[in-house]
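Here come two complexes built around chain A, the first alongside chain B, the second alongside chain C.
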Partner chain A sequence: MKAQRRRLGFNWRGLVLPLVFLLSVELIAMASTIERDAFAAPSAVLAAAIRTLHSGAALRATSETLITAGSGLLLGFVIGLIGGIPLGLFRRADQLMMVPLESLRPVPPVALIPLSLLIFGFGYAMEIAVVAFAVIGPIFLMTRSAIRGIEPQLMEVSQALGLGLIARVTKIVLPAILPRIFVAFRIALGIALVVAVTVEITANPLGLGYAMTIAQQSLQPDLMFALLLWIGLTGWSLNALLLRAESRLFGAAA
Partner chain B sequence: MAPAPAAADPVLAASGVSLDLGDTAVLRDIDLVVARGEVVCIVGASGCGKTSLLRLLAGLLHPTAGAISYEGYPVRRPRSDIAFVFQDYGRALLPWRNAAQNVSLALEAIGVPRLARGKRIEELLHKVGLDGHAEKLPRELSGGMQQRLQIARCLAQEPSVLLMDEPFGALDAMTRQALQDETLAIAAASRASIVFVTHDLDEAIYLGDRVLGLAGSPGRIGETVAVRLPRPRDQLTTRENPEFVRLRRALHDFIGTVQSDRHAR
Partner chain C sequence: MSRRERLFWTLASVGLAVLIVMAVVKISEMRLVPPVFLPPPQRIWAALMKGLTTGNLAQMFLATIWHMVIGLSLAACLGVGLGAMIGTSAKARAYLMPTLEFLRPFPSSAIIPVTIAFFGLTETMMLAVIAFGSLWPILMATIHGFVTVEPRLKDVSRALGLSRRSAMMKIALPHAMPDILAGMRIGLVMALVLATVGEMLTGRNGLGQALLLAARSFRTADLYAGIILLGVIGFASMLIFDRVERRLLRWRS
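What follows is the complex of A and B.
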């Protein structure tokens, strides 16, 4: 009974250590008078966060990051899904694509930043391209293995009923892999955010990553930390949103 | 002696069919003719190729030698006039579709327009005794009901041949007998032929016009028994009929010799 209540309600005990940490950092900041570039008191960070959110700068940067990460995610997701389906369904397609795919996989997506810059220049397009590339690989593999995991009897049923390829994909394959594809999408969202912010920090003058770089270069550690927390909060909320949708849609199936 | 009904009006035939899967010889020189409306049961020890033979007849497998023909035309892939009832009903139904939608899948496959589906589905569910369960998901149905649902889905194709792979093997005795009688009634009403694979000799004799004993590895047709028991059959009187007992004896001896042969080797 007690254990059940604890599981349902929020566990406040988990907040103790972070609060102690913040408090001690604040005390250390008050005690020391030295200005440091990599250090800011929690109260200063909070003030900077309120300032940048109030001015609209952080929200503008957030929307830029989310638009690029989201577009890249959707692009990569659709390409990965459409490409992964034949790989999962047909052994021959899989054998054919094995070498090209496995040789592309070790390429770190961020290593494509220079190439993408050359092709697209600064702006949304280059960042979307890098994010999409980062997402395609995992979605490819997860789609393929989800299809391999379909109950073989179901494939035989669709054969026995005489379903054509398109009907087989839309009526059997896609509904069967939907829960696992949803998980794949959630994982890809995390990848997309990481890559988008990385591209912004290293090259692209857009979004939260760029705002953080500016804060760092103009010696505003409080703003930098505020943006860092904001990025974490954004990623966490999106993931929580999808997790909630997942358990509501698929329950224990996912 | 009446002639074997096979000569009357052949629907489905296997001639000289052999099947190898990889390096394993599964079936050798199978000749089989199924007449319209006939119930042919195939018995045999597990691993003798019963299910493979059924899959060949369905066009789900391709013979290494010989040919399968339906009304004189070669069977190269599954066709809607031949329906397949899988043994494992739990895995043959789409778990995300409710009963009505599962039946609908077969109608969608043969291109029945959406508007015409509803009434057909209702009739089919009624035919297998699942009225009032249309909205339920397969996991909310008992084993017997799930198998009924799969049969309804097969009937949606309006098949001339029903291929059934140990369809009642996992059900309890009462449900099994009820489904046996329903299957016979459905077959009689639709004039469909049935090829029924089972390892239960009583079931084979009770249902069949003919019982084929498959034996050996690779499997061959080792024994053909004509069942001349009157129809409609009845779970009590038919099973007490001396002819029933005699046939069971004969088939039992056949299976027995096959198995002792196998052990001797």
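What follows is the complex of A and C.
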């Protein structure tokens, strides 16, 4: 019975908590007339979600957030990868860069929001810059440690074959670290999304974070919770998509 | 690598950092970058010193640390407590894990507008955001730590006739400690990020607010000084954390 349930992939007990929660909030909302600027019945939230999705406002905001998060992610990913590969390959270069890099790493990315705002003004560019900064560090570290983790025999083979640096990187190093780079990319996607939403809530009039802030300020808690739910769903599905691709492409190697 | 060699390369690395700073000085002297974006490093240094001695930068610095510590402590108490309860009970896991797994990739900063709606732009709101954001990594790591306790260790604790409570304190908790600390390390980073954001939004004392004010009035040297101080907090908290971790996990080595 237990095995069967697992095979079907359905666990009814997991649904109990969310359902009880939603139901009790709905009942409280029906029974009370308390002030409604921080509180909305789940049915009202659902209605607001349908409304905002139908009107296209949520989709526009989603595409803005995804475009900035995606561009920042790609920019930071490429920079982190290009920086991480030589430092993973050459121990000396790594030692030499230690102090400059370690002094940048502890700076929280959101500290750059005001600076980025000053340089780029409101809009896509300032957000992309902050997201890229946030992503570079983790990608860089994970690339470096992935290269350190390559089988030493593989590197010996490349030496025995007399491969040049470029051939060594493209034929041996990159294929060898690909699964771990993919994992790094998925982790970085999560970071990019959080940072993008944070920038939008804090400063930038763009995307889902800003839409949520506006909903809160205009006292529309139903819309605010609908957007919160939508942001969660977006993050969850992107993560699930990459997880799926990961296990399909690399299986146990990842 | 010998000790001598390592010292040499560390010094070389410091030298490179100095060279980079000197290059930045040169760049800003030649005005390749508008000084409003990149003031000369010596002016940033002056702003930092002035802010720390006569200005209110020291006060802001301490306020940010305070927010971070309180928020993180709340998250740690809740996260470890709940995580231990969920991790040791298969029943609780069956009911809770699907919800927790669903919430795991949630971008925690999206909770900010909700907390503003609940608490207004107050200190409480800021602490709630910091605690919520750093709770997740700690909670999930704690659960993982408690779930992965060797079954044989459980047998041992049963054979020794340990009560549930002392089995938890003497066997499960030490086993989960590396995971808990790993989660707290991520929580620490989150706490600093969210403290900064919270201060920017609420305008309460702290480096986040100082940064925003400096940027709005184009005092770029002050802005960089604030960024440096945030980096110092990040760096120092990691150092302290490394210390604590080494001490708590001493038994493992």
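One rule holds in what follows: the second predicted complex is superposed on the first by the 248 of 254 C-alpha atoms of A that agree within 3 Å, B and C clash if a C-alpha of one lies under 4 Å from a C-alpha of the other, contacts with A are read in each partner's own complex, and residues count from 1 in each chain.
Operating definition for what follows: a contact is a pair of C-beta atoms (placed from the backbone, for glycine too) under 8 Å apart; a residue touches a chain by one contact, two chains touch by 3 or more.
These numbers were taken from a predicted model, which means no experiment stands behind them.
Engineer: With both structures placed on chain A, which of the two partners, chain B or chain C, ends up touching more residues of chain A?
Structural biologist: When the residues of chain A touched by each partner are counted, C comes out ahead.
Engineer: Quick check for you: in the superposed arrangement, does A:P109 touch first (chain B), second (chain C), both or neither?
Structural biologist: second
Engineer: Which partner chains sit in contact with A:S145 here, chain B, chain C, both or neither? Use first/second/both/neither.
Structural biologist: neither
Engineer: Mind working out whether A:S43 is in touch with chain B, chain C, both or neither, as first, second, both or neither?
Structural biologist: Neither partner.
Engineer: With the two complexes superposed on chain A, say which partner A:Q153 touches: chain B (first), chain C (second), both, or neither.
Structural biologist: first
Engineer: Thinking of the overlay built on chain A, is A:L161 touched by chain B (first), by chain C (second), by both, or by neither?
Structural biologist: First partner only.
Engineer: Provide the residue numbers of chain A that touch chain C in the complex, in ascending order.
Structural biologist: So the residues of chain A in touch with chain C come to 11, 13-18, 37-38, 92, 95-100, 102-115, 117-119, 190, 193-194, 197-198, 201-203, 208-209, 212-213, 215-216, 221, 224-225, 228, 231-232, 235-236, 238-239.
Engineer: Mind listing the chain C positions that touch chain A in their complex?
Structural biologist: 9-10, 12-14, 16-17, 20, 36-37, 94-99, 102-103, 105-114, 116-118, 189, 192-193, 196-197, 200-201, 207-208, 211-212, 214-216, 218, 220, 223-224, 226-227, 230-235, 238
Engineer: Across the complex, what residues on chain A touch chain B?
Structural biologist: Chain A residues touching chain B: 151, 153-154, 156-157, 159-163, 167, 171-172, 175-176, 178.
Engineer: Quick check: in the complex, which residue numbers of chain B touch chain A?
Structural biologist: 58, 60, 77-80, 83-84, 86, 88, 91-92, 94, 96-97, 105-106, 108-110, 153, 157
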